[in-house]
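Structure first, then comments.
Chain lettering (A, B and C) follows the sequence in which the chains are written, and residue indices restart at 1 in each chain.
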């Protein structure tokens, strides 16, 4: 495995986390540098979604041990919104419906909070609308969706496209795509993946969390990790994803002596 | 009957003065109302209908009355600068319970229409007034309606004769002003005849903070056949103001009415809304919101009577309760025996944001007909934690996210408003209220 | 299909099939109620002084009370002095074995479908049968005793387990609770007593059949169920009465207590005589049922199918005192002809993480009035309380009424309380669809009603579910036209 000699972006050391007193993450170690694409794969219940939630700071999960640094800052000390403003974006596996909050109002508030964090002036209404228009095209999002309440009545595919649209708006440094492929048909999958690829640069990184290989046909990772029972049990190049696709996860369990 | 006694004595002493400064129509039911009040007194918490708000307590203070109808030294046209932007309205004022007439301020209304002082109306159209005044608000059923009928000397009237449409919203601003603690007892009478149409926006403002005010208001609304009437009530009172308001609506066939009650800021409030659907295919939209904190309390008590078949009612009330506030909601829907094909839908949703806030809700369906569609739902809960996290994960601060979600919670109540300029204005006011920026009405320089 | 066919047969033939009178020698004390009557009841049952004192206190309190009027019921004035407060099948001593039980009595229970002999032999269900005021026979007592389970008549319990009775009697429903609770506490005659010791899962369903037989009598039984730590019991109650032209009074109390991690399931199929088609006669059923989840993680579940009685006034409730305790209430109430029912539940959340579920299905037909009345109260210290209530009403005629009166009182912001209610009728499309498939309208109604009530029926133990299903159909016979 070759690693670029860039600065560290995300560094996870021995991360343990609980939900409702039950330990889900049992010592995760992972390093992500700018420009890299990592895929985290693993069977159901291995802790993939927990990892993304913990990185985004979902208060349901309790971190019991370990460290996470993001660009030198202790991530675990930051509130979810501070993490977002620092440049972490989570594309939710199940985007939340928020009736009564329009997409426009929601996105403008988010953009302005990010700008405030960077000590910038609020965006003007015309610039904002221009930005919306421009970024909508990234994921071919219908103008009508933008005028509706957040995710309310969106189809599964629309919700996921809406996630990537928000990602385009907020221009994160680290994008965490939590099972973004679930519930997508092949066309929607291509649109979403193209969107993600368009936003990729050498300055940002992507963490793709997925159960299947098929998303990785579009978003090509350089590193593939297998998460099992709350630990990364195997890391390798993209060939690992293909091997998993072919053989399933059982051989890994065997390797681990189970 | 200790609290009642001082008012009984007052009436016995001041009877002559009260009558002298009022009109025959208003004087006519006074004695009967007085007898009813003596018999029933103020309702207490022991009464099922008032179990969550002790209204008798509101009256247990030494308030001033303006029975001699002295002019209150205030010009509301000076004090009240706020106007709903883009809402070109026909503006009227009540100062405490007196109609405020400013010479030279005219309104362009058809001659057949009457909007103004109830006392003047009942002198100009005694038959019309007598035919409607006190006909919905029965003094034998409710001690406070009786009390109001005993002491009310004036109020506000809207009379829209057959076939007339008033496009512009009528705006009634009620101002509470006093150098001592004051009580005002006012009446609203609204007659919208067959195929006529009007909209009323009525708001309450306390001007003198630090003074205690008590307002009793009885509103009677007659919506004729094929008529349309919208009534928006917005309360922006001070924390030391108590309000007891009873609104009675009677709807004829094919009529359509909106009654929307918005408690933006208050002290202690008890609102009664009673809607009777008397004609087939009448439709009513009863709704409201209450945003309360500190030790404020709001008790909305509603009753929709489906007396005839083929009527529809939509009812929705929402509350957000913060700090030590108390909310109560009672929603009774009665579908009478022959009221087949009734559709009645009711929702009451509430958010409590602190451990000290209390909410009581009591939806009631009483159904005596079989071919009906009725439902009610009530929830009490908190802000959705998933939605909160979603917003925070997009960089929105927790405080801001909570504000957004509370605002979103109220969105469908605001959407029910059929007056666009007011709708936009209210969105702003609600947002400000949740940001704690609005202690009182922002545009009102006297506040 | 066979089972359904049977139900339909019943529908076409059935009237109130339990309306016979048993001709057995009955001892009835004269009508009227005063302190002497209370003393007489107590002495007939050889009660200890403390119990007599309790009765007298209750009586003295009762005479100060007016009859409650808040329910949505029209009840004619009841003359409490024209009722006999004690009636018992005459006997010299309690029966030692089935052979000693009056054969007429055994036949009665045979007719009711509860042959005590058969029960003992076959079904593995322990039955206590209460006729008028006295418990006549409890089956399976010995077998249960091996596990330490006490299941006996209330009178026996007073003599054999005075400490337990004294400890728990009126601990959930004090005599001052309400008018009928006071009355019952003064004059209660018999009932069942159940105690499940620590860690014991009662191996069989315990069941009591109540029967009012004698004329002009009231029935006032009292049931007390205690499940100690980690214990489990499922208890069934069935009720019938003969057809009589005058109204008869039934005012019972049920108290249940669940200690740490204990679970009590209480199921009722109430089929007291509902009166005739013109509303003549029938039982006035005023019952106070309440359970307390005293221990942490305990659970009380009420399931009721109410088809009988002229008037029903009944609110089986749960006090959720232990942390993580659970209360459930599943109810089907059917009213037809001139029946009136005002029934529901109270869920009082005191402990942390307490949870309650309410499912109420009301079915009204004829000229009847059917009300759901419920209270969910979340007290200040009940952190993270959850309640979900679902109250549905089905109207089968245009002369009947269906009403809901839910009260929600929330004093803790971490609570989530939801209430939903709907009212509907059986649609013509549904009936037509069934008709088109060859099902008569009356049968279609039976099918649809059973489907509508399924959520609750599924909570009943098997034996009861079949009976309850039949009852539903019979109760609604002739209601569609």
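Note that in this section a contact is a pair of C-beta atoms (placed from the backbone, for glycine too) under 8 Å apart; a residue touches a chain by one contact, two chains touch by 3 or more.
Just so it is clear, the structure is predicted and the values come from calculations on it, not from any experiment.
S.K.: Along the shortest chain of touching chains, how many steps lie between chain A and chain C?
M.R.: 2
S.K.: Quick one: which pair of chains has the most contacts?
M.R.: B-C
S.K.: Quick one: chain A and chain C, Cα centre-to-centre, how many Å?
M.R.: Centres of chain A and chain C (C-alpha means) sit 57 Å apart.
S.K.: Using the average of all C-alpha atoms in each chain as its centre, how far is it in Å between chain A and chain B?
M.R.: The computed centroid separation for chain A versus chain B comes out at 50 Å.
S.K.: For chain B and chain C, what's the span in angstrom between their mean Cα positions?
M.R.: Averaging C-alpha atoms per chain gives centres 45 Å apart.
S.K.: Show me the residue ranges of chain B that touch chain C in the complex, using the header's touch definition.
M.R.: Residues 48, 337-338, 340, 350, 352-382.
S.K.: Which chain A residues qualify as touching chain B in the complex?
M.R.: Listed in rising order, the residues of chain A that touch chain B are 56-60, 79-81, 83-85, 89-90, 92, 95-101, 105-106, 109-110, 113-114, 117, 149-150, 166, 170.
S.K.: Across the complex, what residues on chain C touch chain B?
M.R.: 70, 72, 380, 393, 395-425
S.K.: Across the complex, what residues on chain B touch chain A?
M.R.: 384-387, 389-398, 400-401, 404-405, 407-412
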